[in-house]
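These are the structures in question, set out in turn.
The two complexes that follow have chain A in common; it is paired with chain B in the first and with chain C in the second.
Moving on to the complex of A and B:
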């Protein structure tokens, strides 16, 4: 499967849904940062140096021993993709927005199942990422670890005995590991408990942000929780800590949902079915409104109030109604009004 | 409205009127407003833009490997290469400790190129096992462990 096919495929990877605890945990992600020894970090590389890094990773990923241990991954330079295709990869969370800046220097390698993606020449030479549906942090770490070992057969990493894996930014030095979970927390938001709980979580060394936040609120009640510290703790300690705290949040969210449903059943049902009606019949939908309605609809599915809507359809529509994908499928319709109309059409045709 | 953020046991308090707090919440749902992490790091080093020192310092030390000057780190918070960590050791060591609360890696070591670091970690692990074996009075196992540690330490001596 080529990366072009991956762009077109809206069922792959975490979007396919499922996985343990998927009524609250949408996806789990683990990434490590790695750099090649004896080379300046990407921000100091000219095009020639950047190409050299891409070439070394390509060679390492085509090596027989790599294939035997980690399987086939498809490497493509960002320059080979169209602007829309690049943006879709960001919206599918397969690459970070940073990979779009100075994209001529950058590349990405993705496996056919869209679990593994390796960003090349982002802030560090390599960012090895695994993204899985539901709560699967250990599984994601095992996969990352395997790919990392397989690459290291042919790549010399920048490593210091004292500081561990050396990274461009000192906030990543050590394990280079960032683990995160994407949580759907409508119950805690409704119960007005989300701020307090998440503030507690930040005191435990974790960072919280709204998924589609970017300077605004947590649109769609989706929150990302991740570790901050990368030095002085083992990978397993970091993963277990996040896992433990995620389980706590999960229980609180389930408790809040059940409590609200018990006390104010109609309030929950009204929210869910109102969203269903709007998504099914609206003619104009902004990105923000769609995200809010998806959250209500998702809640209905997760609480078994609505049947006939598979959870993966909501993930799929969430990606499909982001701007990049709409531009890609919109036959040249690009202004806000046209996009909102196209978004409503697309959602209506699927629900 | 009082907002307290604690990270790595460093406390930061913000006092706001209710309206401002609401605006702030709208921006970042109750946490701190977005800021550029790299500028923040540079500020921690005391060489951020705006400090009088920064301009004098830009003339100073450069990394012998990649040529990055201290002032460049102050600008974008990114190091130039792996060697920058030793080239700017005096500045980086306290910064790293401030960020992570630790100054020593305890995690994964690369299998093929980890060499020396890998041996040290292995010895540390065996020493822990030895301690436990002694505590359990399993002296035969302890003797075996002690021999293996001795052997590995010999290897470390040679690599050095």
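Moving on to the complex of A and C:
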């Protein structure tokens, strides 16, 4: 499967849904930052140097020993993709928005199942990421670790005995590890408990962000919780700490949902079925309204109030409703009004 | 059909829908005020005097000559009805809210088709009203006139050669006639033209009110337009003047709808189908929201955008969603939250 096909596929990877605790945990992500010894960090590379890094990674990923341990992974330079294809990869969370700046220097390698993506010349030479549906932090870490080891057979990483892996930004030095979970917390939002709980989580050394990473708002009641510290702790400690806190948030969220449902069942049902009615019938839907309605619909699926809506369909529509994918499928319709009409058509045809 | 049965029936009279120009004109109403010679006006009557008036009207309505000309009409004193039944009659527009004050003095007579209702001891001894679906002002006037003549065979009216019919309030002296139409004007509201047009209508000597008469707001884009003057013009002049202005408003409304649909089809469809989606799926609906949604749904039916929703169903649900009818069918659920849940259930079960 080429990266062009991956762009078109809206069923793969975490979007396919499922996984443990998927009533609250949409996805789990683990990534490590790695740099090649003897090469300047990406922000100091010229085009030639950048191409050299891409070439080294390509070679390492095509090596027989890599293939035997980690499987086939398709590498494409960002310049080979159209602007819209690049944006869709961001919207699918397979690459970061940063990979779109100065994209001529950059590349990405993705496996056919869309679990693994390796960003090349983002902030570091390599960002090896695994994204899985549901709560699968250990599984994601194992996969990242395997790919990392397989690459290291042919790549020489920048490593300090004292500090660990060296990275372009000091916040990543050490393990180079960032682990995160995407949580759907409508119950805590409805119960007015979300701010307090997430403030506590921040005090415990974790960061809370919106759906599209740093600096983005939590739309659709989706919150990304990730570790901050990469130095002085083992990878297993980081993963287990995040797992522990995620499990606590999970129980709080389930408790909040059950409490509201027990006291005012109709309030929850009203939220869910209004969302269903609007998504199924509206003729104009803005991106923001669609995200709010998806959250309510997701809650209905997670609480078994709605039948006939597979959870993966909500992930899929969430991605398909984003601007880049709409432009891609919109037959030249590009202004806001046209996009809102196209979004409503697309959603209506699937619900 | 007894008046108790009429209360339970939500298909009769104007609610049954249809009639000419029913894409804009919901109903047409004509009433005349009459008083009996030699009797004090109702506000000066004691219970005994009030009963005497009721007795005289009952006798006149049971007379063979009346039956031959006007048909059977069922008379019931307001004291024979429960508080909820009395309220439902108001919500169906068969009696005025005034008939509920000091109701022990009062009575109403209604025909089986719910076209004719005679209020007894409201502000005047008799208020003979005909309410028909669509634009049927002349037809309503002919019916009122026939009932009036048939009653006069056995009743002696208060009449002055110089002033015409004498009434409790001077604003009704002369013809005692009030004619009105209930108009659905969502197009003019959307096009921001409704205030200007209705201000002009007021300058032409007509009054504009909301759905439930004097002092009520125009909910659901429903406006009642009626004549003000009862003195110095013949009944035919009054009716024709109102007809003429109604036809002008009708053309403006159709023009506004067509204009918006031509320029932004999706805006109109979005309004209509959102209303459909919410009415079909919401679990909690306030009276105010339901009325707004009915207006949007009605627009869809009137513009042939929605199939499968008969127009009379909207009238029926509009009445069935009012507080009194909900209390009547709500198995003891009476607080606001319970009423809103019951309203949503009832609407959902029918759309």
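Things worth noting here:
One rule holds for everything that comes next: the second predicted complex is superposed on the first by the 345 of 351 C-alpha atoms of A that agree within 3 Å, B and C clash if a C-alpha of one lies under 4 Å from a C-alpha of the other, contacts with A are read in each partner's own complex, and residues count from 1 in each chain.
The criterion applied here is as follows: contacts are C-beta pairs under 8 Å (C-beta built on N, C-alpha and C of every residue); 3 or more make two chains touch, one makes a residue touch a chain.
Only a predicted model underlies this, so the values are computations on that prediction, with no experimental measurement involved.
In the superposition on chain A, A:85 contacts neither chain B nor chain C.
When the two structures are aligned on the shared chain, A:344 is found in touch with chain C, with no touch to chain B.
Using the contact criterion defined above for the overlaid structures, shared-chain residue A:296 touches neither chain B nor chain C, since it reaches no partner. In the superposed model, A:23 makes contact with neither chain B nor chain C. Looking at the superposition, the partner that touches the larger set of chain A residues, chain B or chain C, turns out to be B.
Residue contacts after overlaying the shared chain place A:44 against chain B, while chain C stays out of touching range. Once the two complexes are overlaid on the shared chain, A:157 sits against chain B while remaining clear of chain C.
In the superposed pair of complexes, A:280 makes contact with chain C only, with no contact to chain B. Chain A residues in contact with chain B (one complex) as well as with chain C (other complex) do not exist. Only residues 5-8, 25-31, 34, 37-38, 41, 65-66, 68, 76-82, 85-86, 92, 95-96, 99-114, 116-117, 120 of chain B touch chain A when the two sit together in their complex. For chain A in complex with chain B, the residues that touch the partner chain are 35, 37, 39-41, 43-44, 123, 145, 148-149, 152-153, 156-166, 168-171, 173-175, 177, 194-195, 198-199, 202-203, 205, 208-210, 213, 215-218, 228-235. Those residues of chain C lying in contact with chain A across their complex are 266-267, 269-270, 273-274, 276-278, 280-284, 337, 341, 344.
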